[in-house]
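Both complexes shown next keep chain A, but they swap its partner, so chain B is in the first and chain C is in the second.
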Partner chain A sequence: MHIPDGIVPPAIAIGGYAITGGMIWYSLRKINQFYNPSEEIPRASLLTAAFFVASLIHIPLPPASIHLVLNGLVGVVLGYFAFPAILIGLFFQAVMFQHGGLSTLGVNAAMMGIPAVLSYHLFQFHQWFPTPQRRPLIIFAFLAGAMALALSALIFTALVITTIPAEMNPQLERQGIYLGLVGYSIQAVIEGVFTMLLVSFLQRVKPELLDIKK
Partner chain B sequence: MKLTLDQYAHIDSPIHHWNQQLKLIALGALIFAFAFVETLALLPIMVGITTIFFCLSRLPLSFLLSRLKYPGIFIAVVVLILPFISGKTVIWEWGGISIQQEGLLAVILIVTRFICILTMSLILFGTAPFISSIKAMRSLGLPSVLVDMTLLAYRYLELFGETLTTMQQSMKLRGFKVNRFSKRNLTLLASLIGTLLVRSYEQSQRVYQAMILRGYGYQLSNQQTGLRSALQQATPLMQFWFWFSCAIALSLIIAEILT
Partner chain C sequence: MRCLWFLPVAIVFLPAVPVFAHSTVIEHRQTNAIEIRAMYDNGEPMTEAQVTVYAPDNPSDPWLKGITTEDGRFAFVPNPDMEGEWDVKVRKAGHGDFISVPVEGSQQAAQSGKNWQGGGYTTLQKILMAALGVWGFIGTALFFARNRFHQT
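The block that comes next holds the complex of A and B.
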């Protein structure tokens, strides 16, 4: 789910960089407000590398297999570091694997990063429930994971379909959108389930990884 | 997981000798100018500029072709679908299948832009060690949080890649069926990712302790950085190439606006 170079018109590419610039400014402001940056940078960086590697794992989905996007989980674990982490991950993918692209880095970062930050806030709602209840944690983990992927997929489908530089048959366009949304709904459920399983695992093994609010 | 980005970073070519800060701005400007192009008449100029830079970089063609393979899948889908579904003017029809002119022109535009931008990106990051590129970005004003995160993440990518491979091999040796879709398998794969995250977190604590022992968090003495000092340090030929590339990028954008 990456927009490659050359697909979107320049206004979208530039707009993507402008939104990403704004989000980086917002994230850095929040990081300086809530964290000690020099203490948190090694943690956020190494987790960024781990998430990057984890996204390369094949998940069997007969007859094929998929890769996880994990932007919801990145938000849950990294909080305000999620947007910079996603930007860096996408930059690595663009320069190392040519997955995505440099001109569309801004669009891709905004598409994946904003849902990640939103899923961090969504996940925080589990604290409304009295601790140590496990169920709200699991439910909000699922919602955070599924929502992040669904929102990214929605933005991706809308961008690709509406910015193709030629007139398209409206009926085909509608069918394309429906087909994309059905496919991504399935992936959103899978992402939600994985986020749920991972949050449950981290809560048992390393709960401090989920305790990101200062 | 082998990161082969620096594979040809040390060969001898004019582009390799170019100061990375100037290269970032000049080739970055060209990449954005290419993304700006929507007029078909400007495509040959774009291809010509890309070819000149690629020849000057002396990167092997096989390197470029190997990098085109993976993203080429998405482009192949565009090529196969767009001419048949997009547009109104039919230029060829056979057995109910028709190719539309607008769709075909859109494909030519997308594919040319894609290949030119990708080649330029490869020249930009393939002709200098990756660390030099990040240092150049820092000197051009990239926030220190982003620079530190990029450097540290890059440092540990390969290590975690190897950790993952080792863990996956251990799972297979214990009878894990990779391609089976079941609830148990999903739980095991989640545990695999979770273990990777926990290991990286524990390593980050050791890394942080090692870093503060070496003085991390304290500012170094003011070094001369930025575009002006990069231009002062560059040879006249490199300065010429910098201004020349920026001028081409600007000309392409002006030509696009005028047409």
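The block that comes next holds the complex of A and C.
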């Protein structure tokens, strides 16, 4: 899922930084409207840690293996804190483990961060239903987790498929990308289930983390 | 009998004549080849990934193109007259990396030996780095939560 250095042309990398800059400005503006924004930082830090290590955990999915992204979960729990959290997590992933790259940090942040913020809004639809009902909460948690990953995968696919270098065999590369898309669709279900389980757990033990009235 | 003298002459010259049937000939010569091994960070080989090699004198036009084997390997023999950094780019399904391989004559290549150079971290190193990173995030969380602890 992470786009490494040298895969996309410089124009796309610069565009990614521009979008990320805009999203950071918008997210900080929203965060600033909180009564006490620093109160949310411990939660954001812990979720950033989870996002940071998630890429190191490989789940075997024959014939390949996948690693969790968890951008949907970060979005559901953190809301507008999700975008800065993902940017920081991606920065450390790129610097420490070469997952992604510094030139593509903006592209990767936009690719994973915007779906995370959208998943937060999708998850909020559960409030349309009466609060005692647990089923809408779980269903929207699954949808938010799965949608964030699926949307990120679609953005990734669109970016890499439209920027295949001329010296490469485009047919062979496209074949690999489409095959990867099948893997991402399965991963979307896994991330949806993971988000659903965690939201269900948080709702029972600490519902204030989800801004839910018990 | 008159034509028997021709037989030893023909036998002597026979190996020099190209043979088109039955036997095969495999020639070999020793060269200083560069072999790369491409794999994902979990150690899984990048099979059938596209490889593009760029010579030091022309980093924009590919010098050689190819595909990795099932175990993610690809070998090529660089032109020994072109000393410098040979860039090798490997890509598959939007994932990939590039590496610069220095070519500085036969003596340098012999010293490199069979050891793989480059590559990533070991599992233990990764665990340690991840633990340090996570501790940094936890430390940040504890720092900003200190007022909450004092209040309770």
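In this section, the second predicted complex is superposed on the first by the 184 of 214 C-alpha atoms of A that agree within 3 Å, B and C clash if a C-alpha of one lies under 4 Å from a C-alpha of the other, contacts with A are read in each partner's own complex, and residues count from 1 in each chain.
The criterion applied here is as follows: a contact is a pair of C-beta atoms (placed from the backbone, for glycine too) under 8 Å apart; a residue touches a chain by one contact, two chains touch by 3 or more.
In this text the structure is predicted, and so the values were computed from the model without any measurement.
**Student:** For A:172, is the partner it touches chain B (first), chain C (second), both, or none of the two (neither)?
**Tutor:** Both partners, chain B and chain C.
**Student:** Which partner does A:28 reach: the first (chain B), the second (chain C), both, or neither?
**Tutor:** first
**Student:** Hey, is it chain B or chain C that touches more of chain A?
**Tutor:** The larger set of chain A residues in touch belongs to B.
**Student:** Output check: A:99 vs chain B and chain C. Expected answer is one of first, second, both, neither. What do you get?
**Tutor:** both
**Student:** According to the stated criteria, A:189 is in contact with first (chain B), second (chain C), both, or neither; which is it?
**Tutor:** In the superposed model, A:189 contacts neither chain B nor chain C.
**Student:** Check whether A:156 is in contact with chain B, with chain C, with both or with neither, and answer first, second, both or neither.
**Tutor:** In the superposition, A:156 contacts chain C only.
**Student:** Applying the touch criterion given at the start, work out whether A:66 contacts chain B, chain C, both or neither, answering first, second, both or neither.
**Tutor:** Neither chain B nor chain C is touched by A:66.
**Student:** Would you sort A:205 into first (chain B), second (chain C), both or neither based on which partner it touches?
**Tutor:** first
**Student:** With the two complexes superposed on chain A, say which partner A:6 touches: chain B (first), chain C (second), both, or neither.
**Tutor:** After superposition on chain A, A:6 lies in contact with both partners, chain B and chain C.
**Student:** Applying the document's definition of touch, where does A:138 land relative to chain B and chain C: first, second, both, or neither?
**Tutor:** neither
**Student:** Both chain B and chain C touch chain A; at which residues?
**Tutor:** 4, 6-7, 38-39, 41-43, 45-46, 48-49, 52-53, 56, 58, 65, 92, 96-99, 165, 167-169, 172
**Student:** For the complex, give me every residue of chain A touching chain C.
**Tutor:** 3-4, 6-7, 38-39, 41-43, 45-46, 48-49, 52-53, 56, 58, 64-65, 67, 92, 96-99, 156-157, 159-161, 165, 167-169, 172-173, 176-177, 179-180
**Student:** Spell out the residues on chain B that touch chain A in their complex, using ranges where they run on.
**Tutor:** Touching chain A: residues 1, 3, 5, 28, 31-32, 34-36, 38, 67-68, 70-71, 74-75, 78, 82, 85-88, 100, 102-103, 105-106, 109-118, 121-122, 124-125, 130, 143, 145-146, 148-157, 159-161, 163-164, 168, 178-181, 185-187, 189-194, 196-201, 203-205, 207-208, 211-212, 216-217 of chain B.
**Student:** Write out the stretch or stretches of chain C touching chain A in their complex.
**Tutor:** So the residues of chain C touching chain A come out as 41-42, 44, 48, 50, 52, 61-62, 65, 67, 89, 91-98, 120-121, 126, 129-130, 133-134, 137-138, 140-142, 144-145, 148.
**Student:** Which residues of chain A touch chain B once you look at their complex with the stated criterion?
**Tutor:** 4-7, 9-10, 13-14, 24, 28, 31, 37-39, 41-54, 56-62, 65, 68, 70, 77, 81, 84-85, 87-89, 91-92, 94-99, 101-104, 164-169, 172, 193-194, 197-198, 201-202, 205-206, 209
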